[in-house]
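In what follows, structures are represented as structure tokens.
Common to both upcoming complexes is subunit A, partnered first by subunit B, then by subunit C.
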Partner chain A sequence: MKVTVLKQDLLDAINIVQKAVMPKSTTPILEGIYMEANENLKLIGNSFELGIQYTVDAQIEQTGSVVLNARIFGEIVKRLPDAPVSIEVIENNKVRIECINSFFEIFGIDGENYPLLPEDDNDLQLTLPQATLKDLIRQTIFSVGSDENRKIMTGALMQAENSEIKMVTLDGFRMAVCRAVIKDNVEFKVIIPGKNMNEILRILDTSDNPVKISLSGNTVSFVLENCRIVSNVLDGEFMNYKSYIPSQFETVIEINTRDFTESLERASLISSDVKRYPVRLQIEEDTLTIHSVTDIGVSKETLRIENKGSDLIIGFNPKYLIDALKSISDETVKISFSSSIGPCIITAIDNEDYLYLILPVRLANTR
Partner chain B sequence: MDRIIMHIDVNSAYLSWEAAYRKQHGYSTDLREIPSVVGGDEESRHGIVLAKSGPAKKYGIKTGETLFSARQKCSRLVVVPPNYYLYMQCHNALLEILHEFSPQVQVFSIDEAFIDYTGMQRIYGDPVSAAHILKERIKNELGFTVNIGIAKNKLLAKMAGDLKKPDMVHAVLSEEEMKEKIWPLPVKKLYGVGHATAPKLNRLNIFTIGQLAQADTELLRFHLKSWGVLIQKYANGIEDSVVSSDMRPPVKGIGNSCTSPFDIYSKEEALKVLLSLCEMVGMRLRQSGFCAKLVSVTLRGTDLKRFSHQCKTFMATDNTMKIYQIAGRLMGEMWSGKPLRGMGIRVSDLVPCDFLQISIFEGYNEKKKKLDDTIDRLRMKYGINSVFRSCFLGSGLPPVSGGVIEGYQMMTNIL
Partner chain C sequence: MNKIVILDEKTANQIAAGEVIERPASVVKEMVENSIDAGADQITVEIKNGGISYIRITDNGSGMEADDAELAFERHATSKIRKIEDLDQIATMGFRGEALASVAAVSHLELITRTENSEMGISLVLEGGRVLSSNQVGCPKGTTFIVKNLFYNTPARYKFLKKDSTEAGYVSDIIERLALAHPDISFKFIQNGQVRLHTPGNNDLLSVIYSIYGKEVASKVLPVKYQSGGFTLTGFAGRPEISRGNRSRQSVFLNGRYIKSQVVSLAAEEAYKTMIMQKKFPFYVLLLCAPPGSFDVNVHPQKLEVRFSDENIVYSVVYHGVKNALLSASLIRQYDSSGQMDDKKTQKTGNVRLNHPQSSGVQDTAHKDAGNEYKDKVLSVYNNILNPLAVDSQEKNISESGIRDVRHEDKSIADRDFNGNKTGKEGKVFSRDIDQKDAVSEKENLSRMNTVELASVSSSEQSDTTREISLDFYYSEKVSRDDSLSHLKEAQIVGQVFDTYILLQNGSTLYIIDQHAAHERIRFEILKERLAKSQSYSQSILEPVIVNLSSTEFDFVMEKQEIFQKFGFDLEAFGSSTVIVRSIPDIYDTSFSVSDFEEILDRWMKTHSQGSIISNEVIYTMSCKGALKANQSLSNEEIKELVKSLCSMENPWTCLHGRPVIIKIDKKDFEKKFKRIV
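Right after this comes the complex of A and B.
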């Protein structure tokens, strides 16, 4: 194998595929990045849970493949001068890396044994703009569970039906549901590990370039123009999330998203990481008082709201509200409270594109 | 400005309190002057030494050993039963006096407390004479002796109080006093140095607190990581935590266990004993103002082998029945059916009750909370057996067990 590639192109590729490489493995080949020169240069990182393949334009002088330790290869390329880099496999998988006056010869591993990514059988697939998928993930990923004992909640549900795609995450105390319209009329349901979703989120850009999602066997792949991401899926049945959404509400308010977010952020300033404190929301006719009392001090502010229900006092972990509100771009949102100890939901005023369900904190003085 | 902190420690608390109580009730012999111990009830297989008098100590009797072996060391040993209700009364009476000397009183355990004397000199004079006044008042009014340590922080105050017992006041206010009184002590006397750390320090040729204070910090960091740096600070008398009156003693978990008066064979009986322990643990948990996320159950077989299982709950709870359900499941998982001699239950991973995040799956039942609280109040007012679950009726088993001696009123404190 012998190729010449621009340093920056190569580094971009390494940075992306490296996310799928196991940092520590008992098999050295799995700590490596697979490189294959054919029509162009293809790089692969694969940890079985997540696999990423990325192609870069390169001048191919001789085809072939090799595996190089991801950490060392990455560090070398990162520090090379900004110029074309030549990579050549000489005898016994020894790899020669040259760039202007720099010269490296490092030991690689035969590429023949590298676990390549599974091919798609293209059974079920749909296409949507990258920006749309990125938004879906961004707006839901924060409420994915982290408790490894409840594996299914560490994943995000992706469900396509009736020409729409939905993402659902829930960690037991809050839930996020977002949807987008798609052109394909397919039906599928898959639970993707949250940490893989985070990596996919970073790779996606905000363009309208398409991303193809296809489901085959126990993997799901995301195909971009020069990149293919294959994630494992979680076995099991996702919670029947719709059943958690209450149908009756005591209090329904409309509130300015940004004002509310900023108020909550101010109220959390006097909370500490060591001991968390709830914020107390008091709804009285058309005012909302945001109140917090901690061992640092007290904060209080009021906001004008539109209230279509009864008065209410309720406590929340402010982070849960802030996370949800920050992912909403609408100027005004609707918040519906079922009771002071029941779930509340945050939705758009006039559509159902998103729904955030948050459980309150029991306030000591309402006991 | 340096703070002035006092550490007040009751000398052989349980025994002194019992002795003081008996003296007030006309007993002629003072338990403190004869070889005596506070011990559990041997008939119900709780026969260990809980506290000992000075003369008993001379016989080499240790806290925690069996009464049987204690009697072998001293045949005329007097054994008195524990009386937790009395201890709580003494504890509260002590706190009342302490509050007169400073508004900042931190309870550290049933027989220990810190007060922040800073700025109180105008009322009670210099700290050493104030401490003497305090000590004498406790002796005269309550009938037991205390040790008082005075220093610029809690750490040194506690160490000073431990210097020589009983009935003493020790002040370690200046650097020189610290070097003179604290530094020659063996390193294992230092707060934070236990039986694991002490041998490690000894291997580094550090035997006294002074040697630790002057040791090379990097050497300590290398061998003991950040812990080494911390204990060296302690050895130099550097510690600045506040005396905080609303700070309860640092609780990490709450547990109760019991040794059953007879061996347990049936699952039904085992579950009842478990429930009676849950009642106690639940009650103490609620008193402490915490909810727990982790429940663990320990079983002890007749061969004295222990085994335990634990389970993390999704939502923190302080509900007796919920703890019991989890505990019952854990017991079912691990019990082979071999006869049991005792069992224990412990809840930990505590979160303050004023931040109880409700979960999607479980919801929150206000009524259950009210029920638990009401039962707690009834029991505290009218005694532990004033309300009990009907499954205990005629079972011969106590409806609440662990930490309570039957016939006495409730301890109304998490201590």
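Right after this comes the complex of A and C.
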């Protein structure tokens, strides 16, 4: 194998596929990046839970493949001058890397045994703009669970039906549901590990370029123009999330998203590092008072709201409200409270594109 | 022919013997307990071949009349109780009247005994429970048993005996326990002609600990003294550094009887929590004095297990007793350069006082002066007033809390009075009141002094070896917590090394503090207090946690439902054995699960303390997270502040995992290292 590739192109590729490489493995080959020169240069990182394949334009002089230790290869390329890099496999998988005056000869591993990514051969696929998928992930990923004992919660549900795609995450105290319209009329349901969703989120850009999602066996792949990401899926049944959403509401308010977020952020400034203090929301006609009492001090502020229900006092962990509000771009949101000890939901005023459900903290005087 | 017959007496006795007499150690136990019940103050046990071929037990107790001697070998023959009601007030070690008959049934036995009033003693020879001969002999007052060829007629039992050395080890264990329980009795244990143990019998538990465990241990124990709800706890708790990998050095005595009690060991180990490393078990000898009727010893054939009518009290007495002992002492570890304590001790000059190791030097001199004035008085009235006085002083000391005399020697005596004679006790209560009003200060001094005097008087009567013992280890330094902390507080900052350890110097002592461990401890105690005080919020959870419980657990949870709620658990019953948890305290995160709830419940039910609802592990993690790390350089102001707050901690000595926070090195240790002194 012999190729010449621009340093920056190569580095971008390495940085992306490296995310899927196991930092420590019992098998050295899995700590490496697979490179294959064919029509162009293909790089693969694969940890079985996540695999990423990235293609870069390169001048191919001789085809072939090799595996190089990801950390060392990455560090070398990162520090090379900004110029074309030549990579050549000489005898015994020794790899010669040359760039202007720099010269490296490092030992690689035969690419023959590298576990390549599974090909997808399934009809279950849909296409949507990258920006839309990125938004979906961004708006839900923060409430994915972290408890390894409840594996299912550490994954995000991706469900397609009726020309719409939905992502759902929940961690026991809160839940996020977002949806987007798609052109394909397919039906599928898959739970993707939250960890992988975070990596996918980073790779996606905000363009309208399409991303194709396809399901095959126990993997799901996201195909972009020059990149293919394959993630494993979690086995099991996702929680029946719809059953958590209350149908009756005592109090429904409309509030300016930004004002509310900023108020909550100010109120949580005086929360201490060791103990989480709840904020107390008091709704009286068309005012909302945000009250916080901690061992550091007291804060209080009032916002104007539109109230379509009865008055209410309820406590929340402010972080959960802030996380949800920050992912919303609408100027105004609707918050519906079922009762002072029941869940509340945050939704858009006039559509159902997102829904955040948050469970309250019981305050002494509301018990 | 009838299939069912009544077994002949010989067979019945042998079967019964199997329950009580398992091995030579059981013989020794039963016989020595008899000696103790007979009021002996010197007991000698000699064994050969691990006690299988020969056991001799000699005491100077009351002895037996000739008629009684023969009757004593009948089953259910006892002098200790008359009817079942007496069991509630039992003060003697034995009461079933089984031991002698059982031992006699399975061995060749020889008994020589004389009471004080008889001119001649009697010698009985028995074989397999049958009296072979009975002769009048001349002998000293007391009783001697010689048990030979144990299990000669029960080959099955004989076969199961272990090696001689192992059996001897069991015998030795038994004698050690009995000696600890009875510091007023001088025990001598001879194995194959060699003296293995000899306690002075000078009523000083520390001497016994010294005799059994050696100087190293005896110099590292802290006196325990606590009283509550009719229970009195005395004894010694070992400093964390003498902890062992197993529980073999833990002894608990209930009214003079060795027992195994889960409540007691649980409470004691809980008191040591965060002071010793994981998988280490503390040393302790605890004497629990419980009012009669609050426990039942008749549960186990060897009387090892005891049922308490109220385990909560026992738990709290032991926990607080041990905890107070640990917290009241300075637990700074001494850097030990040579590994030999002897050199260090002989060079200590400050504390020359005998038999009073627990007070600080200042207290000592004060008492000594006072003591001299009262010396004559003490000696003359000692016998009459020691007991009520001792009880008084115990109560007083607890209320004063600063004084840590050891007065366990009174315990066994006071104990007997307590149990034996009710009217006598009332009389004493009266006189005690008068005492208290009239001469509080006098009494205080007296009671402190009498230990000293008694011990020195008795030690002068003892053999040379005994005196050597008491002289030697009282040199060991015992510094009170406050002295030690103020010494540390006033120490000058030398600096910080490796950005990890703080060096401080005061006088000829160098203190080294692990900054991470110190800060972790400070944060832990502050956090714990804050969490206990602050209001607990309750976070609702999406999916209720459903916990299946046993019926005892369920009842417990229902009974404590309000407290659970106060701490932030919102739960409700679901059926008769299931609880639904709908919201949890806010210190837990989303990973809260059924097993967390079960853990809290287990701990609560075991420790009887509602504080356990906040998992210590949660606080550990929080304290560790925010604590100063190693490799972090500190300014002098920061060091000063750290040392200051450390000194105000309840337990400044160890980090949460039991590692030491402070160690000290004396100038002398440096001099030794540099060979200035050898």
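Following the convention adopted for this analysis, the second predicted complex is superposed on the first by the 366 of 367 C-alpha atoms of A that agree within 3 Å, B and C clash if a C-alpha of one lies under 4 Å from a C-alpha of the other, contacts with A are read in each partner's own complex, and residues count from 1 in each chain.
Here is the rule we use: contacts are C-beta pairs under 8 Å (C-beta built on N, C-alpha and C of every residue); 3 or more make two chains touch, one makes a residue touch a chain.
Keep in mind that this is a model prediction, so the values were computed, not measured.
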Original post:
Following superposition onto subunit A, is the placement of subunit B relative to subunit C best described as a clash or a fit?
Top reply: clash
**OP:** Considering only touches as defined above, state whether A:Lys242 meets subunit B (first), subunit C (second), both or neither.
**Re:** neither
Original post:
Just subunit B (first), just subunit C (second), both, or neither: which does A:Arg362 touch?
Top reply: both
Original post:
So, A:Tyr277: does it touch subunit B (first), subunit C (second), both, or neither?
Top reply: both
**OP:** Based on the superposed arrangement, let me know which partner A:Lys24 touches: subunit B (first), subunit C (second), both, or neither?
**Re:** neither
Subject >> Greater subunit A contact set [subunit C / subunit B] >> reply: C
Original post:
In the superposed arrangement, does A:Ser146 touch subunit B (first), subunit C (second), both or neither?
Top reply: second
**OP:** Once the structures are lined up on chain A, find the stretch of subunit B hitting subunit C; candidates are 95-103, 113-121 or 401-409.
**Re:** 401-409
**OP:** Report, in rising order, the residues of subunit A that make contact with subunit B in one complex and with subunit C in the other.
**Re:** 149-150, 170, 172-175, 244, 275-278, 317, 341-343, 357, 359-364, 367
**OP:** Report the residues of subunit A in contact with subunit B in the complex, numbered from low to high.
**Re:** 149-150, 170, 172-175, 244, 275-278, 317, 341-343, 357, 359-364, 367
**OP:** Quick one: which bits of subunit A touch subunit C in the complex? Just the residue numbers, please.
**Re:** 145-147, 149-150, 153, 170-175, 239, 244, 273-278, 295, 315, 317, 341-343, 357, 359-364, 367
**OP:** Quick one: which bits of subunit B touch subunit A in the complex? Just the residue numbers, please.
**Re:** 312, 314-315, 352-361, 363-364, 366, 369
Subject >> Residue numbers on subunit C that touch subunit A, as the complex places them >> reply: 527, 530-531, 534-535, 537-543, 565, 568, 570, 583, 586-587, 589-593, 622, 626
